[in-house]
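Once you scroll down, you'll see the structures, which are given as structure tokens.
Each of the next two complexes has chain A plus one other chain: chain B in the first, chain C in the second.
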Partner chain A sequence: MRGSAYIWKRIVFAVVTVFVALTLNFILFRVLPGGPVSQISRVPNASPALKQALTAQFGLDKPLWEQYLLYLQQTFRGNFGVSYMNRQPVLDNLIEAFSNTIPMVAAGTILALTLGVVVGVISAVRRGSMTDHLSTNIAVLFYAFPTQFLGMMLLIIFAGVLPSAGMNDPFAIGGSGWDTFLDALKHMVLPVTTLALTLYAENALIVRSAMLETLGEDYILTAKAKGVPRRRLIRAHALRNAMLPIVTMVAMSLGAVVTGSILIEVIFSWPGIGRALYTAVLKRDYPMLQGGFLAITVVVITFNLIADLIYYKLDPRITT
Partner chain B sequence: MLSDKEFSLSSAFAIQDLNIWFGANTGNVRAEFHVVKNVNLELAPGERLGLVGESGSGKTTTILAAMGLLPANAEVSGRILLGGTDILHGGEASIAPHRWKDIAMVFQGAMSAFNPVRTIGWQIAEAMQMHGVARGVAMTRRIGELLELVGIPADHAVRFPHQLSGGMRQRAMIAMALACEPRVLLADEPTTALDVMVQDQVMKLLVRLSKELNLALVLVTHDLAIVAQSCHRAAVMLKGEVVEQGDVGDLYHRPKHEYTRKLFEATPDVFTTPEAPVRTSPASKKTEPASPLLDVRNISVSYPRVRSFRDMLRGVEPEASSAVENVSLRVDPGEMVALVGQSGSGKTTTLQAILGMVKARAGSIHLNGRDVTGLSSGQWRPLRRQVQMIYQDPYESLDLRYRVRSTVEEPLRVHGIGLTAKERDGLICAALERVGLTPVERYLNRFPHELSGGQRQRVAIASAIVLKPELLLADEPVSMLDVSVRAGVLELLDELRTDARMGILMITHDLSTAAHYADRIAVMHQGRIVEEGAAAAVVRSPKADYTRALLASIPHPDPNRSTLADLST
Partner chain C sequence: MTLSLPGAAAPEAETRLGFWPVLNDVLHQPSALAGLAIVTVFVLLGLISPLIEPYSVHEATCAVFEPPSWQHWFGCDDGGIDVFSLVLRGGRISMIVGVIATFIAIGIGATVGILSGYFGGWVDTVLMRITDYFLVIPQIVLMIVIAAVWGPSLSHVIIVIGALMWTSTARLIRAQVKSLRERVYVKRVEALGASHFHIIIRHILPQIGPLLVANTVLAITVAIFNETALAFLGLSDPTAITWGTIMEHAFDRAAVSSGAWWAIVPAGVAVAVLIMGCYMLGRSIEDGLNPRLKVSYLSLHGWKLRPLVGRGPDAI
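Take a look at the complex of A and B:
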């Protein structure tokens, strides 16, 4: 199989997956109890006529396949409906929520990745040493911490020193651009730290075992025999090969990061996608939930597609 | 003949009084294993020395010490002399400048000795960059020259290791070893994983290079015949010691040490094949049985290619590549048939088709007169008792968490044989006794890691014969074993053939083994059987060109009967 064929195959696969997710999303919310009509018409003295009018307004009286086509059509136009809660288009809500979540999650993930790779490589290279034991055990400890527990602990300890809630100080409006930026940065410290600590441990353990495996390969001995110095040996030979399993596993966990941020966002009152979904569940805001789930699905699929493409760049064997 | 005795007097490379200990910390007790004991070797420029021994004899450890590549828990004493200077005394600092520049190495597994994600050219370039030998355009040109020197087109430098065949990869490895123009080349089992014809080519290449470049070559191998054909002298290692060292001719004709003699005897020699195969008991009377045990007629097997995206869009079924084409085989009770061929010739696929693991596209397979072609796995289950399989690698075919008893007992449980534990115990003990693991009590409760390779293979055989099958399928049953235990396992199979009248179909790449033990040989090439006949007839008067080529590439253990004759000039 040629390279372009591989890429095409992955892209088609991703698109098909998105379609399946769209369809499931459509079915799921029609199977669930508590439809939108009963939700909105839950006012005192709601007449059957009102219900009927609502049903017609939402197009729920049409046959299912027509609803499905309508749903697809509207989805592609970016119309995810209107949130029951704030009467804003779901799309606008989602864009706002994601634009709040992404900086925090990106910072946390990058930090976790860097820390995980560095710690994992060091413990693999110094296998069996004090450093290795210490870092592996610390990683296992953080891996075992539930996010909410770690978040709470950080909140309790640092609440006085660092801002504990929200994205910015509502009373600091009017300061210079630099002050606003610093303020936002301060607000990010705790949630980002929580995310990074819970994620880095998993990464470190994955990197360590992948590195240990590649360090035992014959080509490492060959490279040593050629006179390749230690640093280059680790970077150009061992890590380059260890990256293959790491990319797959990190990409798989990245999807979970977005949803995993629910806990962090709730704890630190971060107005992101996680908290938006959390409130939507509590308020039974179906359009918002539906849109949110779809968005998350697309994010997960996109990350996996990116992983496949990176894999293609990293592993020459993939096209055969 | 290798009689070019015009070595310059100064030695190129010498190992003096080399001792190596491996330390292991088990709790508070530090255990030390003395793995290499007082080894002395010396090579003149252009001289080739074979370092022969079985696994665990310390031969690889010896040459790794010369490269300074032993793990940190190894302790080394002695001297490694490179043109008269000791490079061992200063540790890493004194070895590093010479490594690969003066003394280079060709590693065993050409498959895994290259980094899979870098091109061949990149990896050869790295060797030169590390030692500042060449750079820029000159380096690119040199890579091309090196590849051409070993018979690879220069433009293959941009290829990745997986895009080269096994033989090509080993050639590329040799090219990389020569990148910095070393004076000494250490080759660790350079041809072990290769087919006999490719092995022949690679060995010829090594000998030619050693002559042209005046390279001192240490060839580490377990195969005496290769050494006999390509080296001037040989050193035989046993349990960390060199027990005998000398001219290859002397070793073959006048071995002084018992072990050397044993090694030569255990090396099967296709050229001295007797008329009839070696028999431990008188040959069975040939009464043509009414029906053969296994009757394979004209089977063809093909593997579907992966459907490409374009095929999917067009709705085209991909072309099937044919693995086995029109193969017919027959095994009678009490007969051993050898299926010989290179890797990729379709031997294993044929075996899998017989077992019903892959579907035959055409043809029929009869077992004891019953048509088993295309049976479902459920229909196969009761028949499995009649056909048992012995695998190549006893290190992988045994479950590491099963004791010997459980391994042998499992097939009994699966087939519901032996109602009581006592009854099963009786069968297990009988099977273990049959394969020569006596006294049985000593082995019953052992785990695989407590057994040697030969013993493991015997356990695997025991678990196959405990069901008293009529047909045994053996897939390269001895290729992973040391030379000296191979004969024992093969003789065991031979006894099962004569005593229990089992029919045995043995896959092997080794024509010599086949010639010695099988009644009939079928030679397979590119999915077809190119020649079939009585064992002695096939090796003495081969009809097919391919069989002749195969025979010509087998190294002869007698150095005087050179199969590399064209090189002695």
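Take a look at the complex of A and C:
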């Protein structure tokens, strides 16, 4: 019973957070300088009459709370406005951008997680050895390089060997499905590598310290005294219990995934959500910026909720 | 083998966590020393950079994308400006941005953490709710939105980074203060009639001091990262010279396609080395505060038991 109460609490929290994000989104673009009215009236030679007409047309003469309700209503209907740039509904732009981002980010994150757990466990188990020092220092080094720097270096090194921009070759027409797939895969190599390299380091360091913490527990000593084989000790006794902090940390590092993917998409001209945000900033495409912020926030909140639920599954004792 | 109840031994061991003993302990580790050395060198270079810049950072002194040579150690950028001078000057501003933003963040984080950990009750509930929301909302995206709406400027970047980065500090400090609050000596001082202010300043702050230092050093890495990311996306002051804008200009002006790695590498490596220094220093202090990490029952070097009392050389 207490378990389901916990789950409900997390869901309510997620929903409230989405509302906070919605409200932030509403306030930010109105309270800060450069709000909608000044944007609209930036037309050269805008007459006061035009300004007034525009203000009325967009409902900006209504009281703020009414605007807020209107905004919520439209958002829930999936109306995020129309992009200034390509005159498409923002929602369509977002869906397209997300569908491009997901394969790249998913591949990079999974690669980074696998690498991080393997490297972290090995260096925790061989603590103080040469392997540990080497792999920890390499991880710190990759952690320390800015994402955009790693991306640009890979671009310079592999320019010509691997495709450097976009998701597929725009001139490849008439190839078979297999060729198209291979082409897409080749285009993914550099962005995915960059993302994995920047993320694995943090994961490895987290896994290492979580493992060290569990390896110092008394039940490990007991298990060892009982004669549990080393491999089983590491996997079933230590790693299993180290999973809890790892899950939390991975969920917390989602922000880093988002940041990393924005920079990577800009560098490799990947037409995903990060690049959409970037161009929205450059072109001052406010509806797109608003929609992108909201969409990313909702995704991150959802993943955080999933992490919370996994956490519960791993450790049913938690109720707060 | 003697056994003692961990619950009984722990408080005694932890009351020794004064500010100076811990720092003294930590500074005997090689990685902490290396980190401290790196940070010191960078700070010194930043301080004297106007004196040692070999060339002007505003006027062209060589050809466009001239490769490194004896005259120009790191080559030249797209405008014929000496990259070595640029990186020196950029470091100065990047570090100032990083440090100010970090102080804002740590200031807010420590205040929120201490208040909610010390007073508990509804103060705790309200503050932690706010922290939770800030924790979940992707910060860099919010930074991008705010910086975009506000307009590109260095002071905006500092404020945005500082005002959004405090959440993890708040959580950490809260947990620490909450446990300190229950210690006998705090209860005793309270019973003697000390004011809340006095207790926080004299008895709580010194105890969380090392943790705050570690957190500050680690937060500087995040702040400098965020600065380079925001600058790379064109949201920093385009005329300011920072490591972020150096990389952004190089990317924007085709350093990648012309293979001019020397326009990118020095700034990127400078960021990486400084961040490694900060990370090693911060991590050593943090690890020094957590004696549990010193024991592993799987360690290669045979058996080692967690010390029952004391830390470092005088552990029993």
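In the analysis below, the second predicted complex is superposed on the first by the 303 of 320 C-alpha atoms of A that agree within 3 Å, B and C clash if a C-alpha of one lies under 4 Å from a C-alpha of the other, contacts with A are read in each partner's own complex, and residues count from 1 in each chain.
Everything below uses one rule, namely that contacts are C-beta pairs under 8 Å (C-beta built on N, C-alpha and C of every residue); 3 or more make two chains touch, one makes a residue touch a chain.
Everything numeric here is computed off the predicted structure, so don't read it as measured data.
Residue contacts after overlaying the shared chain place A:Val118 against neither chain B nor chain C. Judged by the touch definition given at the top, the superposed model places A:Lys224 against both chain B and chain C. Applying the stated contact rule after C-alpha superposition, one finds that A:Asn304 touches chain C and leaves chain B untouched. In the superposition on chain A, A:Ile138 makes contact with neither chain B nor chain C.
In the superposition on chain A, A:Glu213 makes contact with chain C only, while chain B stays out of contact range. Of the two partner chains placed by the overlay, neither chain B nor chain C lies in contact with A:Val189. Here chain B and chain C are compared by how many residues of chain A each touches, and C touches more. Annotation: chain A residues 217, 221, 224 touch chain B in one complex and chain C in the other.
Note for the complex: chain A touches chain C at residues 13, 17, 20-21, 24, 28-29, 32-34, 124-129, 140-141, 143-149, 152-153, 155-156, 159, 209, 212-213, 215-217, 220-221, 224, 230, 233-234, 238, 252, 254-255, 258-259, 262-263, 266-267, 277-278, 280-282, 284, 286, 289-290, 292-293, 296-297, 300-301, 304.
Listed in rising order, the residues of chain B touching chain A in the complex are 67, 69, 96, 99-101, 104-105, 107-109, 112-119, 126-127, 130-131, 160, 162-163, 176, 306, 308-310. Interface of chain C with chain A (complex): residues 132-133, 135-142, 144-146, 148-151, 168, 221, 225, 228-229, 232-235, 247, 250-251, 255-257, 259, 261, 264-265, 267-268, 271-273, 275-276, 279-280, 292-301, 306. On chain A, the positions that touch chain B within their shared complex are 1, 5, 8-9, 12, 217-219, 221-229, 236-237, 240-241, 244, 314-317, 320.
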